[in-house]
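Take a look at the structures listed below.
What follows is a pair of complexes built around subunit A, which joins subunit B in one and subunit C in the other.
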Partner chain A sequence: MAMAALRREGRRFTPLISPNPIAAVRSSIMPAEEQVPLGVRSISTQIVRNRMKSVKSIQKITKAMKMVAASKLRAIQSKAENSRGLWQPFTALLGDTPSVEVKKDALHKLTAGPDKETKYVILGEKAKAQLIRDSKKDIVLNITELQKNPLNYSQVSVIADDILKNVEFDALRVVFNKFQSVVAYLPTVSTVLSPEVVEKECEAGGKLGDLDSYEVEGGETKSEILQNLAEFQFSCVMFNAVLENACSEQGARMSAMDSSSRNAGEMLDRLTLSYNRTRQASITTELIEIISGASALEG
Partner chain B sequence: MLRRATALLARPVSSLRARPFSTDVAETPAGNPAFYEAWKKVVPHIEPPKTPLSFMKPRPPTPASIPTKLTVNFVLPYASELSAKEVDMVIIPASTGQMGVLPGHVATIAELKPGILSVHEGNDVTKYFVSSGFAFIHANSFADIIAVEAVPIDRIDANLVQKGLAEFTQKLNSASTDLEKAEAQIGVDLHSALNGALTG
Partner chain C sequence: MASNAAVPFWRAAGMTYITYSNICASMVRNCLKEPYKTEAISREKVHFSVSKWADGKPERPTVRTDQPE
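For the complex of A and B:
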């Protein structure tokens, strides 16, 4: 009883009395926060235990995020794969013209053209963060939170309509990541030409020269049909691009979350090892103290 | 230890480079050489982005004689209904009227209106109702049909069509603004096309 009271008193006075020699020695070896107050002999495992707890909860979160990304990916992947047929007829008809010379360029998400008038329409936050730094004045439109609802064609065509209304262009280049597998995506550029440019290129021959041989059914004039065609092409290309991009995003998120939960697991293993070792060391110390005390009494 | 040194020295140096490193830049894919050259000038250390053409199966050139079958691609935003399927004939609801397409049809770009698209394959006829879209017929007997929405005709409920037609006709009569009128007109057009498809 008296001993316990004395110890309590002693603990209260710890800050006042000079630190005992053992603690001084220990503090020179160990970090300051592991200094234990007088009277507590065991080595503190509190810090390690706290870290273990936090790592474990982080691992739980990343695992859950991975599961969410995987289930979203599965839904979007089938959609993206089904929509791949959509742009092919347009490419077959109008060709693939990434090098076409135009003055007014409206791009999605990326640039590759110096000394020309280039405007950006950005879908999503990722590209915005990249482009806002050096070409803030060229961003005409910025659409975010696309994936709140599941993507469908009418939603994308409304966005396409918005872009067509607000942006004056000669060629639209849609830059997106084409989904190949969960860890691989190919940066891709598709080009949509405005009807005037199509007509000009058509007359000039070259890649679009074949278009002249096509008969046009419906509509009053050829330019009217080309206008409709360009708008429809843009919405179709956009639809596929948005799906492919969303798919790549989910794939990237899934693999990132997978590797971070694996990292957390490794860290947890290391922490558990050091926790167990510390605990064992404190037990051993206690045993040695008891045994040596007993043997001192005997002797 | 140095017994094999002479052999190593005698080995031609070129064989060391026989296997390319994985970081070596692959040859530029065919298709758009001008674009790749322009890209290389601006950013030589990054591979140029892919273009749609590199993901597409190349189409054959126009054959000298007319083939016996028509190759049809019929795509929707959410599915590829027919993909490179060989059929005898398709009938397309072009905005100027129904248009039969046989192999060797002249190259055409056609806008579609709501109507029946029928695919004839031997004695089998598959009928779809398409809402709108485009059809491209190429000189090499390829036909691409892109529709926003299409359903096989046997999945349409006749009662609902009648109901919708009545509803939109009523809306058209009571419409006051131009926008409402246009919306109602589209509804009436679609439903009467559906009705015609079901009865005809």
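For the complex of A and C:
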């Protein structure tokens, strides 16, 4: 019964096959046994196999990159978390007051929203690529190649020193990604006021009115101390910002590489499925041909 | 009060507090004994390149580094 069905199938296929021009041409050259068109007997699995190979190697690469990011993240995360202790006392003393009105802003890293008179100092390439589009007139400094050595305070403080010497400001706002977890980081603005502004605010009795209750010891005046403090605060805030940002970057890279290697895995599964299916189909077709041929000889 | 009015010597030399404290820090690092000394000194490597911008165009970057190329 099954044989009969197969035979009928085979017969039904013959007229479909013969009009094929390639088969017709081939049939005139080739011997009689190979009159089957190319596509039916041997479906080419070459392309799928190549694709699978490349997806597999991409997956290997992304996995390796994920590992690298994870190990870098671990090193830098502890550093970043330790460095938070550097700016917290400053926030307790001087406060982080983004609401204080100032005229000249200097911003670091990327930021949005036009301010009164904003100048940008950019660390790294990413923010540069963005800011160069709409506000390249306002860029003052651009610092790159930070991460050649592992990040350390000396380097960041030298950078902070450069910025302080080159940029006039009433307030420095450091914009960076604060590391929360591997997949979450908050865009953060830290404000460092210039000593003059701090003093003015202090006298006006605004948000920094408490500062008057501190006693100044030693032979320095209050404004001198405030200037030293502001400079040191800026370098500390910068140090923390740079670390947090590097940490966020590694975290983002790690999660991106993780999802891309998972994606490659899924893709590989799909490709394997279709590869096996095609192979199976060609085997089945061959079997059908052989059996139907044999039974045609019998009958 | 006369000494109060005078600027600290390092500020008179054109340094900021950061530079001053960095110099002090490297002094302290140099006072350490081995093997802590090399470890601490490895933490004061500086390498970056700065380029100033004028009229929306970057000028030639200057590399600041303390290591031989």
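Heads up, the rule we're going with is that the second predicted complex is superposed on the first by the 249 of 299 C-alpha atoms of A that agree within 3 Å, B and C clash if a C-alpha of one lies under 4 Å from a C-alpha of the other, contacts with A are read in each partner's own complex, and residues count from 1 in each chain.
Following the convention adopted for this analysis, contacts are C-beta pairs under 8 Å (C-beta built on N, C-alpha and C of every residue); 3 or more make two chains touch, one makes a residue touch a chain.
Note that this is a predicted model, so its numbers are computed, not measured.
Engineer: Does the subunit A-based superposition show subunit B and subunit C clashing or fitting?
Structural biologist: They fit side by side.
Engineer: Pick one for A:239: touches subunit B only (first), subunit C only (second), both, or neither.
Structural biologist: first
Engineer: When the two structures are overlaid on chain A, which partner does A:228 contact: first (subunit B), second (subunit C), both, or neither?
Structural biologist: A:228 sits against subunit B and subunit C alike.
Engineer: Between subunit B (first) and subunit C (second), which does A:153 come into contact with in this model arrangement: first, second, both, or neither?
Structural biologist: In the superposition, A:153 contacts both subunit B and subunit C.
Engineer: Thinking of the overlay built on chain A, is A:83 touched by subunit B (first), by subunit C (second), by both, or by neither?
Structural biologist: Once the two structures are laid over each other on A, A:83 reaches subunit B alone.
Engineer: Classify the contacts of A:145 with the two partner chains as first (subunit B alone), second (subunit C alone), both, or neither.
Structural biologist: A:145: touches subunit C, not subunit B.
Engineer: Please work out how little space separates the C-alpha atoms of subunit B and subunit C at their nearest point after superposition, in whole Å.
Structural biologist: Result, nearest C-alpha distance in the overlay: 5 Å.
Engineer: Both subunit B and subunit C touch subunit A; at which residues?
Structural biologist: 152-153, 219, 228, 232.
Engineer: Once bound in the complex, which stretches of subunit A touch subunit C?
Structural biologist: Contacts found on subunit A: 136-137, 139-146, 148-149, 152-155, 157-162, 164-166, 219-221, 224, 227-228, 231-232, 234-235.
Engineer: Which of the residues in subunit C come into contact with subunit A in the complex?
Structural biologist: Touching subunit A: residues 3-5, 7-8, 16-19, 21-22, 25-26, 43-53, 55-58, 61, 63-64 of subunit C.
Engineer: Please output the residues of subunit B touching subunit A within their complex, sorted ascending.
Structural biologist: My answer: residues 31-32, 34-35, 38-39, 42-43, 49-53, 55-56, 59, 73, 75-80, 83, 94-96, 99, 106-111, 113, 133-134, 136, 138-139, 142, 144-146, 148.
Engineer: Mind pulling up the subunit A residues that touch subunit B in the complex?
Structural biologist: 79, 82-93, 95-99, 112, 114, 152-153, 175, 178, 186-191, 213-219, 225, 228-229, 232, 236, 239
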